[in-house]
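Chain naming follows the written order as A, B, C and D, and within any one chain the residues start at number 1.
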Amino acid sequence: MNGGHDLGGMHGFGPVAAEPDEPVFHHEWERRAFAITLACGLLGRWNLDMARHARERIPPPRYLGASYYEIWFEALLTLLVEQGLLSADELETGRSAEASAGELRVPGPDAVRAILERGGSTRADEAPARFLVGERVRVRNRHPLGHTRAPRYVRGRAGTIEGRHGTYVFPDAHAHGGGPRPQPLYSVRFDGIELWGKDGDPGSAVYVDLWEGYLEPAPEQR
Amino acid sequence: MNGGHDLGGMHGFGPVAAEPDEPVFHHEWERRAFAITLACGLLGRWNLDMARHARERIPPPRYLGASYYEIWFEALLTLLVEQGLLSADELETGRSAEASAGELRVPGPDAVRAILERGGSTRADEAPARFLVGERVRVRNRHPLGHTRAPRYVRGRAGTIEGRHGTYVFPDAHAHGGGPRPQPLYSVRFDGIELWGKDGDPGSAVYVDLWEGYLEPAPEQR
Amino acid sequence: MSGNDHPSLSDVELRVRSLESLLVEKGLVDPAVLDVLIDTYETKVGPRNGARVVARAWTDPEYRERLLVDAGAAIASLGYRGRQGEDMRVLENTERIHNMVVCTLCSCYPWPVLGLPPVWYKSAPYRARAVRDPRGVLADFGVELPVETEVRVWDSTSELRYLVLPRRPPGTEGMCEEALASLVTRDSMIGAGLARAPEPGSPA
Amino acid sequence: MSGNDHPSLSDVELRVRSLESLLVEKGLVDPAVLDVLIDTYETKVGPRNGARVVARAWTDPEYRERLLVDAGAAIASLGYRGRQGEDMRVLENTERIHNMVVCTLCSCYPWPVLGLPPVWYKSAPYRARAVRDPRGVLADFGVELPVETEVRVWDSTSELRYLVLPRRPPGTEGMCEEALASLVTRDSMIGAGLARAPEPGSPA
C-alpha cells in the first residue's frame, strides 16, 4: 500500500540527526514494548509480513507523528485483536476475560533463546528464474491496497538485474494469509538519474531487492 | 518538492467524511486566520506560488497532522518573517518593534473589494506551443526540491494532450523569485490504468493541467 | 490532515489572535479589510452563485453553449467573477461522462461560484483517493454510477478553476430557474454528488 | 516519524504497562521470556559483533573472501547468527565504491551483527533521503567522499540483511584484530560513516 511508511524520495523531513552514544532503549516503556512485541510474535499467530502490514496501516498522520516503538505498539494491538488473542473489551478494561492462552503454545525462556539463535529463514527451494543477470527490467506500476515490498520510488523505473538472491517467500501473499508462494528474488540496480531524473546524483545507484512478480522486461525504446 | 502535500494516490487516510450543513468557518480563529492570510497576501510581497510553497515546506508529520487553516497560519508566519515584515523577535514577544508599515501600500476596504472582484489572472500572452492536441506525451521524471505543480503520481506516466489552456505563469520559477516565465499550459489526460496499473479503474481517467516544461514526447515502444 | 478538531486548538486560537493584533499594531493589516474579507466569503460568495449558473444552463441552451465554450464570460454575465475564478472551465456531466474535481496538491477551488471549499475537499482522504479510486470516493458520498459511465477526475494543478455542470434531474420539466437552482448542491458542482431530485409535488 | 521525545509519552508508558500485565495475566507472555529478549538485545547482541567480523576480514584475506562469497556462514563461524540475520550479504567499501544501507519501508537491520537499529536509521529523514541524496545524508554524518567514488545505496526491501565492510583506515598496519575492532563504528557498518583512524601512538 502507498502508506505513510513508504518514505523513499520524500522531501521536507530535515537533516538526519544522529544521537551520540545512543542507548539501545531511551525509556523503560520502549524496552517493554519491544519485548512484548517479539514475545507475542513468537506465539506464531502472525508472520513478519503481517506485522509490517499492521504498521503500514497506521494512518499516515499518526505513523509520521509517532516514534518507532509507538508504531510497533499500535500495530501489536491491531494484531492481538485481529487474531483474536485479546478482545476489544479486554483492551478497554485492561482485565482478562478468560485466564488461559487456550491452544497456544507459549514458549519459555530456553525455547526462546533457541529460536533467537536459530532464526527463521524465508528462503525456499530454488524455482526457475525468468530474468538473467545483466537483463534490463522495469518495475511494474502497481499500487496494491495490500502489503507490498516494491517501494513507490522504483515503480515504473528501469534497472538492471545485478544478482539473484534465490527464491523467497512472497510478502504480498504472505501478509494476507495467501501462504508463502515463494518467488525468485533479484537485486536490481537503478541509476540515480533513472530514479530522480536531473535531480538525482549521477554518481549514485540504488540496489533494491525485488521479487520476480514485481518485474517485467524493460521496453525497448526507439 | 515531494512534500506531505503531494497526496494523490496515497492509501490509508480512511473514507471521505463530509459534514452535513457545514459552516464556512468552524471556529472564530479560522475566520481570523483566513482573513489575515488574505490581507497579508494583498500587501504584494509574495505571490500565490510562494504561499503554496510555504505550506508545502511544513514538515510532513505536521502538515498531515494539522487542519487546513493551521497550515495556512503556519505558512503565513513563515512568509511574514522571510519577507521581513515581522521579526522573529516580534513574533516571539507579540509586540511591535517598529510602528509603521514603512514603504508598503496597505489597501483599504474599498480597494480590497475591487481587488477581490477583479482577481488577478496569471494568463500571459500566447507563446508558441510545442505539443499538439492529440499528441502523446510523458511527464518528465523530476523531483525538484523547490515548488512544482507536477504531482508525483503523474511523473514518468504517459498521457494525451486533450486541450491547450493558453500560456500561464510558470509556478516552478514564480515561487522562487524567478519571475513569471510563462509557458504553454496543457490539459493532459491519463487513463486510470496508465496511472495505477492493474489497481486502477479502467473506466476512469485523470485530467491534469501541466506546463510545457513538465512534458516530453512519449517514447515510442516496440 | 485532520479535520477541525485538534488538541492544541486553544493554543492556535491564542496564536492567531496575537498575530492579528501585532499585524494591526504594525499597520500591516486594516481591521476594516478583515471585515470585508470575512463578510465576502462567509455571506456573499457561496455555492448559491454556482447553482444559479447551473440552473441558467439547464433552462437556456444558448447560455449553456456559451458556458461550455467561454465559461469565464458566461459566469461573469451573471455577475460572478474575481479571485480564484479568473480562468474558469465548466465540465458537463452526461449519461456517459461524470466529471469530478480535486486539488491533490493543495485546495484550489472556484471561489466566485462555490465560495470557500468544505473541509472534506481540502482533506487528505479526498485528495489522496479521488485520482486513484473516484468511484470509491463517490460511494462515500452515496453516489453509484453505471459502470459504462466514464469518470473523469480533474486535478486542479494550475490556476484554472473547474465547475461541474451536473445533469438535470428527471421530473424537473417546466420548473423555473429559481426552483431548479435549489436542487443544485455544492457537491454536485464539484462532481462528488448529483443534483437533487425535486420533492414530489413541489411547485414548478 | 519523530524522535523519542513525544508529548503523550506518559500515556504510552501507561498503555504499554497495562498491555504487558494483561498479556501476562492471560498467559500469552512469560515474564521470563521478556527478560531474555531484553537482555539479549540490550547487552549481548550489538555492533561489537559486527566489528569483530570486520576486523577479522581486515586481517585475514581468506576470511574476507569467504565473507564476501557466503556472508552467513562466515559470520556464523564467529558465533553470530539468528533472527534478522538469517540471510546475510556483506558489501565491501573500496576507494571506488561506497555502500550504504537503508530500509525505506520499515527498519530492517542485521540484528546478529549490529543489534537493534539507532533511532536515526528508523527515522523519516534517513529513510526518505538516503535513496535520493546519499551524499547529502553522508554530509549530515560529516562524511565527504570524492566525486569519483560511486555511492551504492542498498534498500533492504527483502529478508536479506546487509552489512557494510568499511575500508581499513590508513595507519593501522600491524594492529591486532582486537585493536582494529575498536575502530569499527556501528555507522561505518551501515555505510553512514567511516571506520575511525587510530589515535596517534596507540598500541599496535
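Rule of thumb we're sticking to: a residue touches a chain if its C-beta (ideal position, glycine included) is under 8 Å from a C-beta of that chain, and two chains touch if they have at least 3 such contacts.
These numbers were taken from a predicted model, which means no experiment stands behind them.
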*Among the chains, which has its CA centre at the largest distance from subunit B's?*
D
*Between subunit B and subunit C, what's the gap in Å when you average each chain's C-alpha atoms?*
18
*Rounded to the nearest whole Å, what is the centre-to-centre distance of subunit A and subunit B, using the mean of the C-alpha atoms as each centre?*
33
*subunit B and subunit D, separation of their C-alpha mean positions in angstrom*: 41
*Counting only residues that touch at least 2 other chains, which ones in subunit A make the list?*
9-11, 13-14, 56, 60-61, 64-65, 143, 195-196, 199-200
*subunit D residues counted as touching two or more neighbouring chains*: 1-2, 124, 132
*Between which chains is there touch?*
A-B, A-C, A-D, B-C, B-D
_Partner subunit A, residues of subunit C touching it in the complex_ = 1-2, 124, 132
_Of all residues in subunit B, those that touch subunit A in their complex_ = 1-4, 9-14, 56-61, 63-65, 140-145, 152, 156-157, 195-200, 219-222
*Would you tell me which residues of subunit B are touching subunit C in their complex?*
5-11, 13-19, 22, 24-36, 38-40, 42-43, 48, 52, 55-56, 63-68, 70-71, 73, 76-77, 85-86, 90-91, 94-96, 98-101, 104, 106-109, 112-113, 115-123, 149-151, 153, 165-166, 168-169, 185, 192, 195-196, 199-201, 203-211
_Considering only the defined contacts, which subunit C positions touch subunit B in the complex?_
1-4, 6, 9, 12-13, 15-23, 25-30, 32-38, 40-42, 46, 81-87, 104-107, 112, 115-116, 118-120, 122-135, 137, 140-141, 147-160, 187, 192
*Any idea which subunit B residues touch subunit D in the complex?*
60-61, 143
